[in-house]
Amino acid sequence: MVGGSVGYRQGFHHVDEAAGGYYGRNFRMSHAKKIFLWFLMFWMGSSLVLAEPFVQGGPIGSQTSDGYDALGPVVEQPIEFPHNRHAGDMKINCMYCHTYARRSNVSGIPRLDKCMGCHNLIEGVKDRPRIKKLFEYWENKQPIPWKKVHDLPDFVRFNHERHIQRFYFQEKRPIRETCGYCHGDVASMTTARRVKALSMGWCISCHQKDHLEKVGSSVTSHGPNDCWLCHK
Amino acid sequence: MSTGNMDRRDFLRVLGISGAAATLAGCGHTSIESGVEEVMSYVQPQDFVVPGIGVFYSSTCTQCGSGCGIMGKVREGRVLKLEGNPESGISGGKICGLGQAGVQAHYNPDRLHTPMMNIEGGLVPISWERANQLLDEHFGTKSSLQGEQIAFLTGGVSGHQRVVLENFLESFGSTQHVCYDAISTATGRAASKTVLGAEQPLWNFSKARLILSFGSDFLGNGVSPVYMAREFAKFRKAPRGTLIQIEPRMTLTGGNADRWYPIKPGTEGILALGIAHDLLQHPEFSGKVPQEVLDLVKNYDRDAVSEVTGIGADAVRLIAAQLWNNTPSLVVAGPAVEGHAYGFSNAAAVQLLNVILGNRGNSLEGQSEHPFPQMTPTLGSYRALAELHKKMVSGNCQALLIHGTNPVFTSPTHLEFSEAMKKVPFKVALVTHIDETAGQCDLVLPLLSAMEDFGTHIAEYQPSGVELMLQQPLMEKLYPETKGFGDILLDVLKKRKPQEYAVFPDYYSYLKAAVLKAKPVFHSDEPDEHFWETALMNGVVKWEGKPTDLEAKMVPLEVPEPHGLTTDYPFYFVPSIRPDMRDGRHAYLPWLQESPETMTTVVWDSWVEIHPKTAAQMQIKEGDVLLLQSATGSIQAKAYIFPGIQPDTVSMPLGQGHTQMGRYASGVGANPYKILDPIFDAHTGELALHATRVAIRKTGENQKVVKDEGPTNLQNGQKLVATLSADQAKLAREI
Amino acid sequence: MSHNVHGHPQMDVQVERKFVPKVKDLGPDVNWAQINKDVLRSLEKPRPVFWIIFFSALALFSFGVYCEVYQYQNGMGVADLNNPQVWGLYIATFIFWIGMGHSGTLLSALLHIIHADWRKPIYRYSEAMTTFTLLTAALFVMVHMGRLWEFYYVVAYPNERWTWPNFTSPLVWDATAIGTYLTSSLLFLYMGMIPDLAICRDNAKGARRALYKFLSLGWQGTDRQWGNFKVAYMTMACFLMPLAVSVHSIVSTDFAVSQNPGWHVTSFPPYFVLGALYSGCSGIITLFIVLRYVFRFEAYMTQPILNKLIKMTFAIAMVWTYLDLIEYATTWYGSDEVAKADLLYRATGDYALQFWGMIFCAMVMPFTLLIRYVRHNYTVLLIISLILNVGMWLERFQIITPTFAKSHYPWTWTAGWWPSWVQWGIVAGSFGWFTMLFMLYCKIFPSVSMYEVKEMVHEQNLEGKAMAHANPESEQAPVGLLEGGQA
Amino acid sequence: MSLSNLIQNWDSFRKRRPYEDQYKDAPYKWAMVIDLDSCIGCNACTVACYAENNLAVVGKERFGKGQAMHWIRIERYWGEGEALETEFPERGAQYLPMLCQQCEAAPCEPVCPVGATHHSPDGLNTQVYNRCVGSRYCSANCPYKVRYFNWWNYPERAWPNPLELQLNPDVTVRSKGVMEKCTFCMQRLRAGQDKAKTAGRLLADGEVLTACAQACPTSAITFGNLADKNSKVARMWKNQQVDLAKNAQDKSEEGVRGYRILEDLNTYPSIVYLERLRNFAA
């Protein structure tokens, strides 16, 4: 893990609490609601066994270097892309490569000529095995068959554009924090690994929170609450 | 020259399972996954390509000959949906169901994807090398074929495909471009030409206050249904025009009529003369009408007409009065008028009303002049096929190329076309699907679909000026072994006439050069590339033109009574044309098969429409399998009780009854072409589609009619579709 | 002489009844040892017909399972359901089974509360019937679901999706009500069995003994245990009675809150509850005759008890008939034209046969119960009780199918819709499932309550003595006599 | 619908809908006007819907069983009463494009046991496919019968390769056991709304159309935002004197022809139909 990102980790800290599951938010509730909720839960305790477990970390994998639980499996990619080099060491903005994130539903895997744009000019690393592979694909004009790491169910519509616009452009949060809400601190990984639950409750936990509308403004609003916003 | 093309092809490439592409798993994939699906990116896309966002490309619909401009939504290399192109004056941003189904023609699972060759009576896949070898053998430089020995049988073809096709024939010294259309309107066009001076005049709905339609289904399957529908919608706005429809079987257009009259098939001309008789009583006409015409109509008084046509004398008077009071009006004739032994006179009599009413110059005008006569659409006719047939039988035809038409399926039994095919030594079909005709060919070449090929089109009906419609690929080709129509012909031409065609690596470059050559005609001084890019982007290049005058005249003619019913064949047989199936060329499109035919709501089938009164007399219930016997042959179909039909008439839709054409078409329904009697129009020699007489017999079997309609087709007192009298509505005040 | 010995003396009634010669519910030769012997024998050697019933039920059930698996794999389409006909036989049969359950509660809880002692030999199997019919009904909730693998979405529990069921939906009320009813019925059945299970424990060997030992919860029949038992049992009974009424009222809201013609009726809750009791009672009569024969319970399931049962059935049938006619009448003079058309369609349309079948089976047939011969001929009575239930099933069928067939929207009417073999298979399978469960139950657990029959015998004896000696002290029953622990 | 959400919004849940000015401050309320005098019954809308919304082609046998999946269907009536009065349909046929009416007080919504169908803030009846358990109660309760159930597992057979390449990636392909219905092309609305929101504005009138409205050759279908008083659809509603929140309309002007189907069932549909006109003098 690269130094100097302590601020980010702090930034992440409260996010992670919210992400920490279903019961995490209750302490913010009013007393009456809390009692009511507990009563309900007690009443329905017997049916709890039927609940899909809220997988917090589980047996899959160890902790990532920044302390998150790895929730998804290690995904082997055709090229072991070092996010830590690009986003971590060199502090390249995520959107430099994932350029569609701010204007489309999908963030998009960078097009191949994007990689070549830089790597054609970086003579120093051309003999590295990973870069060699990259050149191989480029010369064959073959797209790289990346594996999806954050693959939401098919009935879910997640819009990268709106989240980036809101938190990066409007609220002016750091890009690593903005992306990191859902993707974890990718700057500390090589190939990405899923570290957030990305379950419905997890999404809602954030949508129910009040967020500043703009940087410098004190007006807050929470995320939309309509089923059809995310379900298609 | 072609690099731009190749680039486009690159980003029209399908990305496999990509980004948000694969939804087929549906509700199956219900939780988050990692490392299961692949996601790929383009190697070098253009800047406007953003995954997850659709890009619209303009093109031209080739599902029928109307030449509607369309836009295809392309995402991740796949064309997803077609919309109308607002740039196109014909479609105006709208599109019909048939057009929408173009994507299914492209993605159809039964598409042909390799060349096929007939070996010992069956088609077997072969390589392109072998196919090219065969083509070279027959059409190459060493070919001994000459002149009329080679014929090219097509459906409607226009634009540069027609130019290439005719150049191809010309290289053999042949002019035998035979154009066949199984639902041809050649008779009507000839009548219109004689009376109005134009085969297809412009119909100005906007200027007409009343449309009197004799069996013309201009909203469903006329010359340009989408344009007509758009115009008709305007016609219905304030001041609302009236539509009167007279036909033996209610068409889609008939369903929209303010007043619908059932008429005995074939007596439309007589009714028209009866109306003319009534109209000419007005003193305004005295001295202005040729004596021949007066002589002609004099015998057609209301009562006489009423007796023949089955339309009451009052109704004749009323129609005439309506016409008189609502000038300018527009009188149109359709297939129901033309399809008789004297269809020409019938149609001419109907057009005569236009002349009498002075609609010329108001609601009727001539289409504008044409800057590209060599590119106008070839219009099919039955007679052309019959003449080709003669040559085939006599052994004069040595090689036959077939594209865009399916005569084995659509020609009547008595023509024995498939027998004639056997006499042609080398038959080549250029198709996307193996249909009945291709199944009998020696070589079948797989074509690119309309979503994969380049081309230009010019529609028959040009509402204003002339529009050169461009067709371009919306997607990379699905099957590597398929080839464009133009490319195949160009390859042959390159060998035969290298000096002219060798410069063109492919049809695309030929097309581009050809369109750019026409640039001066469009008075454009833009740079070539810009002109071409703009043309592709808009999908249309417009040539300004003005409507021309028509030379209408009152032609004296003779309208005999139709040959009547006999005890052997006591019913008129009216084959109806479905807006979506047409002559059956679209039967392989599942959306269209599943889309209920509006008047009956039947799907996936053929049926016999029969009036409730007749059905009650004959004790026929819905679903009774009936045997339709004509002098020529017999077919079976289920009965459907249908009030919108003349009681002496039975009707059956065309287009079903395929034995080939893939899983969605074959084995569905029955083919009415096979029982049509050999009756031809006396003037044009066209097959008279509506002249057959049949007998009906119950087979005793009853099958469920698969339809959307429930046990009732009435509203049962609920306010579902309310109707208001037109004079009470305040259309002018509406938004 | 009141039947009520340890409760409250009702002198006036006693006086009145002195002049009415009463047939006793149990014969005079029934003694305690005999009771244990008879009932325990039912756990071992029933008549061979038991196995015939059991295996044919098993076969039927297996066929139902096959149908269900077939439907599960291919989709609900195999049932020939379609756009207006979305429910078919599944919901009709669901209501039927829910309804069947109610009479068990009536017998075991209501009659217990009001101290109608004749219920004692027959309430145990009725309560078992309640439990198993509810299980069967719950099955239909599953069967009819398009995605039964997601059935738990209907249950309110905290989950990772942060979703709740829709509490305004009658189906959620249904799920809750049935769940509660099933749990309570099971508990009530089990609680009532504890003293008998102890008897079984003391007489069984091997695995059965272990089972009974586990289930009897260490029952020794001490005073303290009896005291607690009585209080708990009565409390449960009081809890169960309103629950039973609410369950079928809620089921009726599935229809009554909807817009469909013929369903939008305010009298539906009582109509449904009475219909439930009606079909339940005739079900009890059926099982009465079957059990009596199969397990040789002639001494306990006697004619006087059956007679009371029949009287009750008849009374309920009449109230139900009244409510049904009321429903038609209100539709008739109401102003809802669509509902009127719907009623007319039921009586004259595609499903007229089912409608008139229901009228005949469920409204006319009960009058045969007035005939003494019918009441005393078990074969005829068995057939009639089955006919009554066929009528009640038809009633559920014709609530659902004709309404869907001719609803508000004429375009989507269906004519002569008929369910596919898969639906019939599953419905038949449900009967197999119920019979199988019930028969298994009777084979494993005492289907006649031993300790309560003993109470009855004791009271009858006391009564007899009271008749003889007119001894008022006999109303105080010695506590020790009620102990069930010894054979 | 989480519990805290329920508690927070208790008042709005309790309110009887629709009420006057319900959408006064809302950015969107989607609604439609269908002019039956313009509708020519050509079926372009139905095919457009198949193309846009991944509707399954069920085939002859299943269509015959009443298991068709057309979200919009063209109904063709011959008369208004219970019998056709004349021997022939002299005034033509009566075409009715019938799709989900997106009722404001939708009978389908309260009965869904799992809340898979609920009312969206922009006034649509949503259907969340993966939440649906397939109880079909909504369909049973829908007076218009415009909800379609996946009786079979259509993804298996309805799109043989390569037909599945045509499927719209923005719309879930429904598998067996879920209910589906017209969504007013919500995927188009959503994409448009998101773009507009990024640009900091509201959707302009006509910027997003449903597939049926876009295809309709006669423009019989007008789609738009009723919350925007200046949109064409809002002006048409006003002009035709139809009020969203009323179950019986005050028709003070003569000759207005807007009406809602089965309005007396208090469903408050979002689609206004304009009466078909016929020149009875002809």
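In this document, chain identifiers A, B, C and D correspond to the written order of the chains, with residue numbering beginning at 1 in each.
The rule is short, and it goes like this: a residue touches a chain if its C-beta (ideal position, glycine included) is under 8 Å from a C-beta of that chain, and two chains touch if they have at least 3 such contacts.
Since this is a predicted model, take the numbers as computed values, not measurements.
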Chain-contact steps, minimal, separating subunit D from subunit A: 1
Per-chain CA centroid nearest to the all-protein CA mean: D
Taking each chain's C-alpha mean as its centre, the one farthest from subunit B: C
Comparison of B-D and B-C by number of C-beta pairs in contact, larger one: B-D
Chain centre separation in whole Å, for subunit D relative to subunit B (CA means): 32
Centroid spacing, where centroids are CA-atom means, of subunit B and subunit C in whole angstrom: 67
Subunit A-subunit B separation of Cα centroids, rounded to whole Å: 54
Inter-chain centre distance, subunit A versus subunit C - centres from mean C-alpha coordinates, in Å: 56
Of all residues in subunit C, the ones touching two or more other chains: 162-163, 408-409, 411-412, 414
Residue numbers of subunit A (touch at least two other chains): 40, 105, 153-155, 199, 204
Two or more partner chains touched - positions in subunit B: 19-20, 22-23, 25-28, 30, 709, 712, 714-718, 720
Pairwise touch network: line, ring, star, complete, or other: complete
Complex interface listing, subunit D residues touching subunit B: 36-38, 40-44, 46-48, 50-52, 54, 57-61, 63-64, 68, 70, 73-84, 87-96, 129-130, 155, 159-175, 178, 211, 214-220, 232, 235-236, 239-240, 253-257, 259, 261-262, 273, 275-282
For the subunit B and subunit A complex, residues of the former touching the latter: 15, 19-20, 22-23, 25-45, 50-53
Parts of subunit C lying in touch with subunit B, wherever the complex brings them together: 337, 408-415
Residues on subunit A engaged by subunit B in the complex (per definition of touch): 72-73, 75-76, 100, 103-106, 108-113, 137-138, 141-155, 193-194, 198-199
Residues of subunit C that touch subunit A when the two form their complex: 152, 155-163
